[in-house]
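Below is one structure, written out as structure tokens; the observations come after it.
Note that the chains are named A, B, C and D in the order they appear, and that numbering of residues resets to 1 at the start of each chain.
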Amino acid sequence: MDPITLAFLALAFLIIVASLFVVSSRNIFHSAIFLILALFGVAGIFVLLEAPFLAAAQVLIYVGAISILMIFAVMLTARIADGQLRYTNEQVPTGLLVSLGLLVVMLYSLWQTPIPTSAAAPVSGAGRKLGELFLTQYVLPFEIISVLLLTALIGALVIAKKDPRAASAADDSAADVPARERERAVV
Amino acid sequence: MSAFDLTKFYADWQIILPECFLFVWALFVLTLATLGKKDEPGRSGTFALWTILGALITAVWVGVTADGAAFGGTFVFDRLAVVFKEVVLGGVILTAISSIGTVGRLEVHRGEYYGLILLSAVGMLLMVSATELLTLYIAIELSTMGLYVLAAYHKGSRRSAEAGLKYVILGGISSAILLYGVAWLYGLTGTTNLAAIKDAVMNIYMSTGGFPPAMTLALIFVLAGFGFKLALAPFHMWAPDVYEGAPTPITAFLSVASKAAALAAFLRVFFVGLESAAMAWTQMIAALAALGMIVGNVTAIVQTNIKRMLAYSSVAQIGYILVGAVARDTWGATAISFYTMAYLFANMGAFICVIAFSERTGSDEIADYNGLAARSPVLAAFFALFLLSLTGIPPTAGFLAKYYVFLAAVNAGYLWLVIVGLLTSVIALYYYATVIRKMYFPSGETASTITVSKSLTLALVISTIGVLFFGVFPGPFVGWIQNAAQMLLAGK
Amino acid sequence: MIQTAWLIPIFPLVAMAAIVLFTHRHRALSAGISIAAVSLSFLWGWSVAVSVWGDPTVHRMSFDWLNLGESMYIPIGIQIDGLTGMMLVVVTTVALMVQIYSLGYMRDDPRYSRYYAYLSLFTMAMLTLVLADNFFLMFVSWELVGLASYLLIGFWFEKQSAADAGKKAFITTRLGDLGFILGLLLLYTGCGTLTFQGVFSAVDSHVLSGGLLTIAGLCLFAGAVGKSAQVPLHVWLPDAMEGPTPVSALIHAATMVVAGVYLVARSMSIFLAADRAAMVVAWIGIITSVMAASIGLVQNDIKRVLAYSTVSQLGYMIMALGLGGFTAGTFHLMTHAFFKALLFLGAGSVIHAVHTNDIREMGGLHAKMKTTSITFLIAALAIAGVFPLSGFWSKDEIVAATLGHPIFTVLTLAVAFMTAFYMFRLYFLTFTGKPRDQHKFDHAHESPKTMTVPLQILAVLSVVSGWIGLPWLEHGFSSVVFHEHPHHPEFHVVWAFIAALVGLSGIGLAYMMYYKGSIDPERVRARATGLYTTLLNKYYFDEAYSVLFVRPYYTMCRGWFWFDQHAIDGAVNGLGRVSVAWSVFNRWFDETFVDGAVNGVGWLTRGFGAIVRHLQTGRVQNYAFIVFAALVVLWLLQ
Amino acid sequence: MPSIGLHHYLALSAVVFCIGIYGMLTRRNAIGVLMSVELMFNAANIALVAFGRFVTPQLVTGQVVAAFTIAVAAAEATVALAIVLLIYQHHRGIDVDRINIMKW
């Protein structure tokens, strides 16, 4: 067994197991930790696929930013850190069914489909090439993504910023519920 | 790497001028919002309006002067782009006008509201023109990103927050599904450029005499991604809840501008990129269109909230629009584009009526529309007109749109789909007529009169002109659309 | 005049716009504008009709409305030939009479201006319909006619039944319209055009296959079935009597309901080529005719008798058209329009006087309202087919058209008999004998001039309008209305005699039962209780819809719901709060079943919707589940 | 065992995608749901890079798309988490299946 195969198997195992823990861990904080593990694994896969730049980006952005953000959010919202009675909803059997069904469908499609692969060696200096492309062929999406990030920034700011009316917000929402209940009673 | 080519640079950026215009002014509006101590309600709105008008004019100007592709064929400004950009910008203008009241009631973040609308509109404009999957995908994300926030903009309201959450979660998975589909298309064809995909798909078909299952899977994934943007059944589930919870101008924005942009992208992807795989998706689209018409109309009947009713009705409307897609030819593309146009004015108008009504009464319940004709004859007349257009009663634009769509489908041999469409349109008539009846044939006493604010009246008048003008004098416009559709299909 | 014929529908359109925009606060002015406009249409219409009378050329004027080369070409234009001329005369005349009549009849109504605006809208749409030179424009105005009818039926919306009736009419006829538009789409894909000229020449040159032609013909006929209230979509017309009586006269007797007849007559070429479709037309016509006439025998509401009479007479026309008697059908259309409008307006006059619709509370009114009584009598004689009134000539042609089909002949004569009988039952019960409600009788009075003058004019027309069909007239009806397919029925003296005799015997029976009293109606009723109740309940049509559609549907829904409750709910757990759903469903069922009324599709889908909505659980993960499940299902379906 | 090829990577990607779906469908915690969505994005990225490596090794299209995707996912996560915090303010909890005022 060559080292590539070995590395792939190890990484695949790591990713799958970590992912399974992400979706099934009782404690959401543990889920976040396993997510970081899985994301590291994906970065490893990128290395195997000879995409070092991407692996770096994965670690920096995903592991460094997104996951940390999630952990913050977990801490901000976890009133009772653990010991939640039910961490899954009632969709477990059907969810399992559908995700397994889709998995079967995907794997079957994969096996039945010949994909024309090229034996050519991957381009050397992918990172440099990427940088070039960002500024030439893909300059438009590159610009758009900056607008996108700006939008997300402003949006998150608007949404997350404490509203001076936050106190009254609770009243509003309290008023919401009876209205809905009334409506339901009419129905 | 070639040397920097200034001419090409200019040509590229000239084509993308409307988007740039909109973006730069969006930044301006945003800056203004942070500068002002107490943001005047009308100021950022006025700026936004001028911005959009400017973009509209720019779009027309670019459409007239610079016809062609840019950025290495990832972005085009063809006639179809002009048509849909005008539709999208029309939707944005009407949204901006009708938001004035809503924004006035916001305590904070007034400027950001318009800024986000404009940024989202930039994404929509880009969607209309993108001819490459990556650009398209990111444009879609840009347009949705602002909408997530806007849906949750009434921060004091639980419903609005809930709308935002539902939208962002389902948006996220749809985005992932779409991305997965894009990945597979790329893997199977080796490219992300729609024109190249078309050839590659043709090659796959020629060499194997069919499509591998993964191709079908990729198609389904991409379709599901678009289904989310279009609120096409069964991917529509988010729509009623988000429509109900979001601020009503945003609901209108979602249901019109966002869908129009998605339809343009749909045309580019399915009528051009996946054209040679048509046999694999036509049946699917037909089934989904039928499902949309049935589910949308049937569920709309039992609604008691007007926004939910309109949400389900727009699920049905998307079904009608996609009836045109089974034709896969110039007729189909023309029918879809014209329907989108008719739908823009009618649906937008209907939502503006809802805004006008709830601004004065604070209610979105259908029951409260009882006797509206006596309380505000003008508003009731407008609303009735828009509902009739949605039903497809002449001489409104909705009638011709339905006629055109059905004609395209009959011509393509999908008689059963047309029959489903016609039967469900009777159901649609039933619930629209219920509202009209409530307004005009009231039971019991009616309350005080309702006045409509000036800005909303303006928006209503614009919509009415649209509904009637394209219903009565569609000739030149439809000719133009048809021309656009021909050019799209010819691959120019 | 022909050059400016396009003005004819413009006048009422302008009137409507003027009323809505400017004069709706001034009652008299609004009415005046409306009547002035329709008078202009009247003058234009008559002069156009006169100038095309006997002129075999078809005048066409059109401009491009939508011209997109091969894929889409829809001109908008008008076409004037004998048939159009005749329709113009009918529509403008009746519309003018009704509008004048309404001056008196609607005098005290608070929504007077709105009423005239609606009438103008209707007149505009109807005139466009008869002037159209293509199916597309015809369909557009067809829909507008339906809309105006909806508004006018529900005009007195304070009555719940009126508002319901309006909606019922709108939706029932809309069902027929589906057929119309489907036929239109089929014809367009087959012929590449929708102009009458283009379609009919394509049909004549056998461009279309026989099967397609039959289907297209039946689809068009479905439109006619809805609009002209033929079985099984006739249920809306009697309910439409909730509208003001002049409206009933205009829309539900003389103009809108004959739109279907006009459509079939106009599409003559199609039905001549598709004889199977034509046979269906004939059968539907005669079934409708017999059924409606027999229901008319026992109704006690003066307007409902007339409503069923209208359905029955429309069936007559449809049947004649189906049997190839195009002249007969259209000729009867014209004469019927005049005398039926007269009957309705006369009934309106009576209702105006005694404030009731029930003939059991009338009687002896001849003494109080001579003009109404005499004009009503003339109309009744005309519809009964008494020589030499208009009905005699047109009915004779219908009988002549059935020759060669013995069943049709017999049934036609039976309907003639029943028609004469119920019409004179109505007449005798209303105008002769002793007053059965002395109080109402005492307050009765002749209507004002604005109402009686239209009655008199229509009475004259009811007498003379048949004479243009005199068989020995050189430029008679048959030779002018259909130049392209001239159809000269022989005048059958024998059959004319038989038909007249049948009519007279119907009158005679009514005379004996309700005037002289030599036969006691009660005893007849006692003898045939079953039949009587069946008729009184209109053949249980509404109930049958309930049994045939609603109840099986209910069972199905219950089965589905059981499934929902036991199987899906356990699995998805999102399919809803069962108890609430159950109560929603029960309420829906109660309303549907207890009300007993079948408001058609609405109720059915409502129940369906009540169930489907429960998929919308409000929980985002259930939604996501549906998304992913849809992915799998779609893949499996491929 | 054959050497590792495109299909292996794709199979891995499919498995991760479906695990993400499962988590998305069953977790009650809104942040858990978002984490599952991130897994789905990552699965798509694996597929993209693998396709790029094996189908068009001379181009780096797959990597370009994946790089953009990471940015998109970041933006999406930011907005989503902000909305989750907003929900938390209203409901004092972020159980997705309890957020159902609007339905039917």
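In this text, a residue touches a chain if its C-beta (ideal position, glycine included) is under 8 Å from a C-beta of that chain, and two chains touch if they have at least 3 such contacts.
If you're wondering where the values come from, they're calculated on a predicted model, not measured in any experiment.
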Write down the chain pair with more C-beta contact pairs when A-B is set against B-C. B-C
Chain nearest the global centroid, as defined over all protein CA atoms shown: B
How many angstrom lie between the centres of subunit A and subunit B, each centre taken as the mean Cα position? 28
Rounded Å distance, subunit B centre to subunit C centre (Cα mean): 40
Cα-centroid distance, subunit A relative to subunit C, in whole angstrom: 64
Separation of mean Cα positions, subunit D and subunit A [Å, integer]: 4
Two or more other chains are touched by the subunit C residues 584, 613, 616, 618-622, 624-625, 628, 631, 635
Show the residues in subunit A shared as contacts by 2 or more other chains, in ascending order. 89-91, 94-95, 98-99, 102, 105-106, 109-110, 115-116, 138, 141, 145, 148, 151-152, 155-157, 159, 166, 169, 173, 176-177, 187
Contacts with two or more other chains, residues of subunit B listed in rising order: 134, 138, 141, 145, 148-149, 152, 155, 158-159, 164-166, 169, 173, 177, 187, 190, 213, 216-217, 240-241, 302-303
Based on which chains are in contact, what kind of graph results: line, ring, star, complete or other? complete
Per the touch rule above, subunit B residues touching subunit A in the complex are 1, 16, 23, 30, 71-72, 74-75, 107-109, 112, 115-116, 119-120, 122-123, 126, 134-135, 138-139, 141-142, 145-146, 148-149, 152-153, 155-159, 164, 187-188, 190, 212-217, 304-305, 365
So, in the complex, the side of subunit B touching subunit D is made of residues 134, 137-138, 141, 145, 148-149, 152, 155, 158-159, 161-166, 168-169, 171-173, 175-177, 179-180, 182-184, 186-187, 190-192, 240-241, 244-245, 302-303
Over in the complex, which subunit A residues touch subunit B? Could you list them? 105-106, 108-110, 112-116, 132, 136-141, 144-145, 147-148, 150-152, 154-159, 161, 163-166, 168-169, 172-173, 176-177, 183, 186-187
Within their complex, state which residues of subunit D touch subunit A. 1, 3-12, 14-23, 25-32, 34-36, 38-39, 42, 45-46, 49-50, 52-60, 63-64, 66-68, 70-79, 81-86, 88-90, 92-94, 96-97, 101-102, 104
In the complex, subunit B touches subunit C at residues 165-166, 169-170, 173-174, 177, 213, 216-217, 220-221, 223-224, 228, 234-235, 237-238, 240-241, 280, 283-284, 287, 295, 297-303, 330-331, 334, 388, 393-395, 399-400, 403-404, 406-407, 410-411, 418-419, 422-423, 425-427, 429-430, 433-434, 437, 440-443, 474-475, 478-479, 482
